[in-house]
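Scroll down for the structure; my scribbles are underneath it.
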Amino acid sequence: MTGKLTGADVAEHNSKDSCWVIVHGKAYDVTEFLPEHPGGQKIILKYAGKDATEEFEPIHPPDTLDKFLDKSKHLGAVDMGTVEQEEKVFDPEEADRQERISRMPSLAACYNLMDFEAVARQVMKKTAWAYYSSGADDEITMRENHAAFHKIWFRPRILVDVEHIDMSTTMLGTKCSIPFYVTATALGKLGHPEGEVVLTKAAHRHNVVQMIPTLASCSFDEIVDAKQGDQVQWLQLYVNKDREITRKIVEHAEKRGCKGLFITVDAPQLGRREKDMRSKFSDPGSNVQGGGDDIDRTQGAARAISSFIDPALSWKDIPWFKSITRMPIVLKGVQCVEDVLRAVEAGCDGVVLSNHGGRQLETARSGIEVLAEVMPALRERGWEKRIEVFVDGGVRRATDILKALCLGATGIGIGRPFLYAMSAYGIDGVDRAMQLLRDEMEMNMRLIGAPSVADLNPSLLDTRGLLGGHSVVPSDTLGLGAYDPLEAPRFNEKPKL
Amino acid sequence: MTGKLTGADVAEHNSKDSCWVIVHGKAYDVTEFLPEHPGGQKIILKYAGKDATEEFEPIHPPDTLDKFLDKSKHLGAVDMGTVEQEEKVFDPEEADRQERISRMPSLAACYNLMDFEAVARQVMKKTAWAYYSSGADDEITMRENHAAFHKIWFRPRILVDVEHIDMSTTMLGTKCSIPFYVTATALGKLGHPEGEVVLTKAAHRHNVVQMIPTLASCSFDEIVDAKQGDQVQWLQLYVNKDREITRKIVEHAEKRGCKGLFITVDAPQLGRREKDMRSKFSDPGSNVQGGGDDIDRTQGAARAISSFIDPALSWKDIPWFKSITRMPIVLKGVQCVEDVLRAVEAGCDGVVLSNHGGRQLETARSGIEVLAEVMPALRERGWEKRIEVFVDGGVRRATDILKALCLGATGIGIGRPFLYAMSAYGIDGVDRAMQLLRDEMEMNMRLIGAPSVADLNPSLLDTRGLLGGHSVVPSDTLGLGAYDPLEAPRFNEKPKL
Amino acid sequence: MTGKLTGADVAEHNSKDSCWVIVHGKAYDVTEFLPEHPGGQKIILKYAGKDATEEFEPIHPPDTLDKFLDKSKHLGAVDMGTVEQEEKVFDPEEADRQERISRMPSLAACYNLMDFEAVARQVMKKTAWAYYSSGADDEITMRENHAAFHKIWFRPRILVDVEHIDMSTTMLGTKCSIPFYVTATALGKLGHPEGEVVLTKAAHRHNVVQMIPTLASCSFDEIVDAKQGDQVQWLQLYVNKDREITRKIVEHAEKRGCKGLFITVDAPQLGRREKDMRSKFSDPGSNVQGGGDDIDRTQGAARAISSFIDPALSWKDIPWFKSITRMPIVLKGVQCVEDVLRAVEAGCDGVVLSNHGGRQLETARSGIEVLAEVMPALRERGWEKRIEVFVDGGVRRATDILKALCLGATGIGIGRPFLYAMSAYGIDGVDRAMQLLRDEMEMNMRLIGAPSVADLNPSLLDTRGLLGGHSVVPSDTLGLGAYDPLEAPRFNEKPKL
Amino acid sequence: MTGKLTGADVAEHNSKDSCWVIVHGKAYDVTEFLPEHPGGQKIILKYAGKDATEEFEPIHPPDTLDKFLDKSKHLGAVDMGTVEQEEKVFDPEEADRQERISRMPSLAACYNLMDFEAVARQVMKKTAWAYYSSGADDEITMRENHAAFHKIWFRPRILVDVEHIDMSTTMLGTKCSIPFYVTATALGKLGHPEGEVVLTKAAHRHNVVQMIPTLASCSFDEIVDAKQGDQVQWLQLYVNKDREITRKIVEHAEKRGCKGLFITVDAPQLGRREKDMRSKFSDPGSNVQGGGDDIDRTQGAARAISSFIDPALSWKDIPWFKSITRMPIVLKGVQCVEDVLRAVEAGCDGVVLSNHGGRQLETARSGIEVLAEVMPALRERGWEKRIEVFVDGGVRRATDILKALCLGATGIGIGRPFLYAMSAYGIDGVDRAMQLLRDEMEMNMRLIGAPSVADLNPSLLDTRGLLGGHSVVPSDTLGLGAYDPLEAPRFNEKPKL
């Protein structure tokens, strides 16, 4: 009658062979798309023939279907009154979570960035928490990222006039009020219904640069639209196998005013994060990674090479990037001095020393450790002005930021802490997190005896702790947990013979 | 009738715009003083229009109001009968504490300085304990201070005649019976109603020098008045923005017989101590630091720059200090060899290698570690007699003291342990703490084979543990607490699909 | 009547002086064999005069009695109806185990090799678990084996085309699809009723080499019979005092197609494993090692020198081995560079750097640590092509394998993890374990930027963590458990005098 | 009537001014002896006027009173029927201990030396356990003694003929069947009613040398009388202020056949052991050290300088010792290379690198660490044959012994483990402990590839772990226990203002 599809029409297409789903009241044929889905086909199949809106919403930007699914697969509106409603099952875990939310500490009780993490762990949905908080393999690199800062100690100077503290600096030509930026992190709506624009707004309040993630939950344009005044944004880029798609993204970003292009080079294949997989094991519906899936597992790594990220990306592609944009080009995810030198030679404008927050290669070194290797080599060649060196991973305190600046970093990326602050307290949380960092920065620049960023230099550090290698490695909790310790003789024990 | 103010008169002035408080039966107008208060305005506002005596008493010397509040703001006596009495609320924590006090271990059961700390933790008011025991950020430096001593091992000599042990030494021209001194610590009345004079009396019993803190709960004169015989005291100084105030303090101290001027140089801004803030979070009335205060937080670090401590203090000020006093000038809070050399060149008489008990800059190095860096550089230049090098932080055992002396320190400052002994057991506690150290000193000088302080030298130590940097860093308990460890597969777990 | 022996006939021979046992319905006189039994005589004596089949079965290959017991001691068939049945005692531990088995996690919930271990620990028989999981003395070497990998960090390269990953390699002339092999481990039927052939079949699925253990529960021929197609197997050899027995084993293996001879050189005497002994203490029936046995203990180490393993084996024997076989000869259990160089000079084709899974010499170094010592010395002499260097011990992740390959290893042996996977989930478990490793390999070769095994080299590693020696040694749990820590003063404590 | 004293006669002398005690039915006047008592006067005063036999017995050799109390103070027999009996108070701790004893593990369940310690901790009297198990200050050195061995790893050799193992060696001219000896430990009767003779008998069974302690519970002659055949004993000596007493002891020992004189040089004053003091705090009756005693504490260290141990002993005394005995002279407690070289020059025959089991100087280095410093210096001078170097402290495994032998030690002393074995299981325990070590020795010499002691050498070790200093120091449990860790925000927490 209305020309609309009925629930029954859609419900027939509930298998791998013909798979339709409903999103926001419209039906789509995703049969051919199944093997391309970065999150694995299993999660789509769970909703085959059904309404997937609730699952789809927090993970995908609104323009996803328009962008990635051919118009011929858009089947049109569905009469939602005819779609069978699934009964909600009572979930005791969710009830517990709601109870914890009712008792949340006030925002004023968060004194540092770890505090947001501790609160978020209690109030976030388990699966969202697991997605944000997980890392590769045994999460040794993820933990090392923060621990590595503690191997570096300060050698502060006294009797320096530190009445006026100036923490402003310049990154890629942009004057910033403080030397950190919001680095790109995926799927913001898992933590907060508004997604990445929350970070945009908070960044504006503190005059801090935001890097827009390729895998955001908001669309790129939504995030750009949310910026105010002369706020600066950069683009983080996963390079598609189809370079025309990539060209369009880059050109669009430049047109919309992005001031830097950060090409991710540490993720030719997306990492496995077992904590995340474990949390979603009995709930495949929320499995962002597609793990815990026997069918997919046999396809193994191959699956991960969807067209979204081109594993064939190589140094040969750099000239092409330089040809399509005037934005400064920064390689994100460099992990040794050899590649930094090569980046200089390739004419890149910057590098981010990063291991992707410990989510990709396990036992990759921390960014701060790599920085200590890189800067002397640059200075030796007189190249320290030819490239801007950024670093991210494990930053939780202004002292961490200051150590990176003393070693020679231009700017410091912070990701998860702002996600946790946003997930627990929304924009006010992110605002407070930034304010706390700013207060810590001001205080610690005074205590170090360095009133401006220009005064920060390697002589303010004792880095001998780095020389001995990684002598105290974060423990492998799985291995230790599986270990069966020796016992002393048991009382009551007599041989039976 | 009596010309006295009534409670109602005062109660009208209960806001930021007009703020009166009663202290010891007199009213004061502190409206203009509010932003200057080192403890933050929130705590004063809690008592706006009310009697603040009980809160004021343990934190401020009796002459505070006379010294820092203009006479025009002294409003005169209040008819206390007309002031409304606040009802005391039953506090279960306080009841628990009183019960613990009733079961306190006898003083004789304390065998070392850690034991006083363990007892004090149980019997002190929570907020007072938190003020004394807290440090900067993750308290890594605070814990490192003690842990660093364990990286140094002894190389004792045998078959030395150690029948007679002489542990006397000379500091800044004063003959002392033992090479430690009581270093300056703030707010003694938090721990004991009599405050710092308890330490004065105990120091006299053991012929030990006491350093008088600027931020004492007793007035400077009360502390000087408490000294006996030829007991020696030094003055610890925070330098005021108004140098005339500073000049008066220094000249007064010299006149009253102080034998050393210790200028604090590691606190251009007072540190944040989160344990302290957390303990006072739900009781702003006792918030010494002003943390957990949304209004103040937005003012951030700026707040901390009251006129009490001048962040502009610099090397240029040293000649002026030399011009106003004949007391030896010692810089307290030096943290690298470069600044020690500069202090020699500036004509200073001494330095204290100190990180302020781990309360200021986080991941500052321990004093003992800095000492191991400083002394060889001084000896290399033949300057080791041109300056006296003191060290404080983390000292709990005579072996700690002996390690510092072997490296070349002139004297060792001890602070918190005496506060804990005083808080738990009063003067007898401090007396016993000093006696325990003395006994440990005598025994260990025998065991090392060094019958006098002059016999202590670097060949008695194995310091290789310092060379590798800080290989075992005290753990960041917040970070570890927030970390969500990986799990093995759960039994009962089947995929639901 | 039937000519068969009766239960009563056998039951008479129930002592050391005359000891008969029944196995699979036949009686054997093992009196003279008692002192030769590698598992100690106590366990045989427990079944003296009785049916030992159930105990015998999982530990011994079916051809054991034919091979090692003179025909004259084969007494013939027993009328099993006349043999007294022992009543099964209810075992609450076994009931608990069965209950745990009923709740086992699904195989899909195992995401890595540690997970199989965690499951196996819960579902295996306690004594079988203890045999597999135990190591020498304090198990420090056993744990160090895995921990040592964490001292090595990656220095990955970016922007390398890693679309196609080729992890195939060649070991002893055999093309393998992945650079690990199934190393020899004893007594497979303790974990799974089918024993080592399970591993044979799984190895075939992944085109992985299997090393056949001398002490397998299946007979050698059963294991060879189970191979499919051109699957490759190697022989692990314990050298018998009687070289003719050894010659027969070697010649037979070569005839059956084995492609490598791995002579175990780290076990002149079998190690003591206290966890294993403890687990069997009150159940001598299952005591594989013969520990917890007062009689045997007084014989001490001597007992262990049965003729099965010749402690007199020496370098002088190598030419003889070369004379009896054309299989490549590999020394398994080399632990220092000196012996690797000597192996080259002796004309060996390979070495396995191994400490026998931490089951022999305690505080022997990990294979990976020895590898880092060995390869530079070989390269210095230009000998790195003259010998193939294998390594085993503690491998749990593809990153572990990659680190060994980067250092220069030809292949990596994995033992226990496959036993655990087999014990918990049978062949599907081993299959999944291998698949997980393969997936991890592919992903990590991409993330390191090395598309083929040939691209792996030492510049991809940061091995500084090895230079400082073993700075963080796995703790000795026994010692720590026995330690009585110091206490603070006790409340309620007053002197009584 | 009988000429005997009555209980009432004695009971009158119950104070410091006149103090009589009864021991074994005889009365003694110890008034003048009080300040001389090495265990403090408090414990004697507890029994002033009473029967002290039960307390006296386990601590003192039977000839103590004859030796150290002038005959004029021997007051003669007491009519014990007239002495008031003290009622035994029910002691719940003792009842628990007896219950634990009833469930003791069988001796066969002890597989290593730590196991005896774990059992002894449960079955010994608390105060006896505390005396044996305690160390100086924070017991860091005590624990380091064992932990230090784990910094050294083996580099074993393969393909060495190890069929015949010869672990015999020669110490001070005596052929020993195994390279360890029973070192001197005080107060054996605390652990076992027969005291040190238990060790004598066990040592004989294994042809092991015993060092006789000055502070034994048995008399010297009892211990010598217990030796059998050509068993060898050495004498450990505390040097008395009165050298004539020392001369008599030495001459008597030589006459009774002692083959070595071990002069203790690391105890000019007896150490404080706080665990011991704590255990006896509320039971001064058993306070061996005299701690927890306010009166004694004020005398401090002075008290400890009784005439029993002369703190003035020095290098000048060595010639005198050489003049009074032909026994080889060994200095026990040397702790750095300088003093070893000096001992060679002084003509000593040996040194024991020892820190007195961690009971004297805290953060003294382990003997094994000092050994690694000493031997290269001796070899450099070609002096390694001029002196025998012994080492003790923390030895629990044959691997520990082997590491010391590889470095160059002549013999290894073991103390506490045999005391624990004796306390828990009597002579059979000590016998088994020695047998376990012997078995471990034989096995590990095979596994290292060294069939005789002469084959042990430094190339069999990887000692790089020692180079980095003591990078992982045993934790200070008191300090950590007193530390109040930081907390995350509390749920339910809102500001109250």
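By letter and in written order, the chains are A, B, C and D; residue numbering begins at 1 in each of them.
Heads up, the rule we're going with is that a residue touches a chain if its C-beta (ideal position, glycine included) is under 8 Å from a C-beta of that chain, and two chains touch if they have at least 3 such contacts.
Predicted, not measured: the structure shown is a model, and the values here were computed from it.
Could you check if the interface between copies chain C and chain D is built from the same residues on both sides, meaning over half shared, or from different ones?
Chain C and chain D contact each other through largely non-matching residue numbers.
Go ahead and align chain A to its copy chain B using Cα positions, then give the rotation in degrees, nearest 5.
So the copies are related by a turn of 90 degrees.
Determine which of the two chain pairs, A-D or A-C, is joined by the larger number of C-beta pairs in contact.
Between A-C and A-D, contacts are more numerous in A-C.
Need the most distant chain from chain B, centre defined as the mean of C-alpha atoms.
When every chain centre is compared against chain B, the largest gap points to C.
Can you give the whole-Å distance between the Cα centres of chain A and chain C?
Here the centre of chain C sits 42 Å away from the centre of chain A.
Report the inter-centroid distance (CA atoms only) between chain A and chain D in whole Å.
60
Please list all residues of chain C that touch 2 or more other chains.
Where chain C meets two or more other chains at a single residue, that happens at 108-109, 111, 114-115, 118, 138, 274, 278, 281, 292, 467-468, 471-472, 478, 481-482, 488-489, 493-495.
Looking at the complex, which residues from chain C come into contact with chain B?
On the chain C side, the touching residues are 100, 103-106, 108-111, 114-115, 118-119, 122, 468, 471, 488-495.
Residue numbers of chain C touching chain A in their complex, please.
For chain C paired with chain A, touching residues are 42, 46, 108-109, 111-112, 114-115, 117-118, 121, 129, 133, 138-139, 143, 146-147, 149-163, 165, 274-275, 278, 281-284, 292, 396-397, 399, 432, 435, 438-440, 442-444, 446-448, 459, 462-468, 471-472, 477-478, 481-482.
Give the list of chain D residues in touch with chain B in this complex.
Where chain D meets chain B, its residues are 137-138, 140, 265-269, 271-272, 274, 277-278, 281, 291-294, 297-298, 300-302, 304-305, 310-315, 317-318, 331, 333-336, 338-339, 360-365, 467-473, 476, 478-479, 481-489, 493-497.
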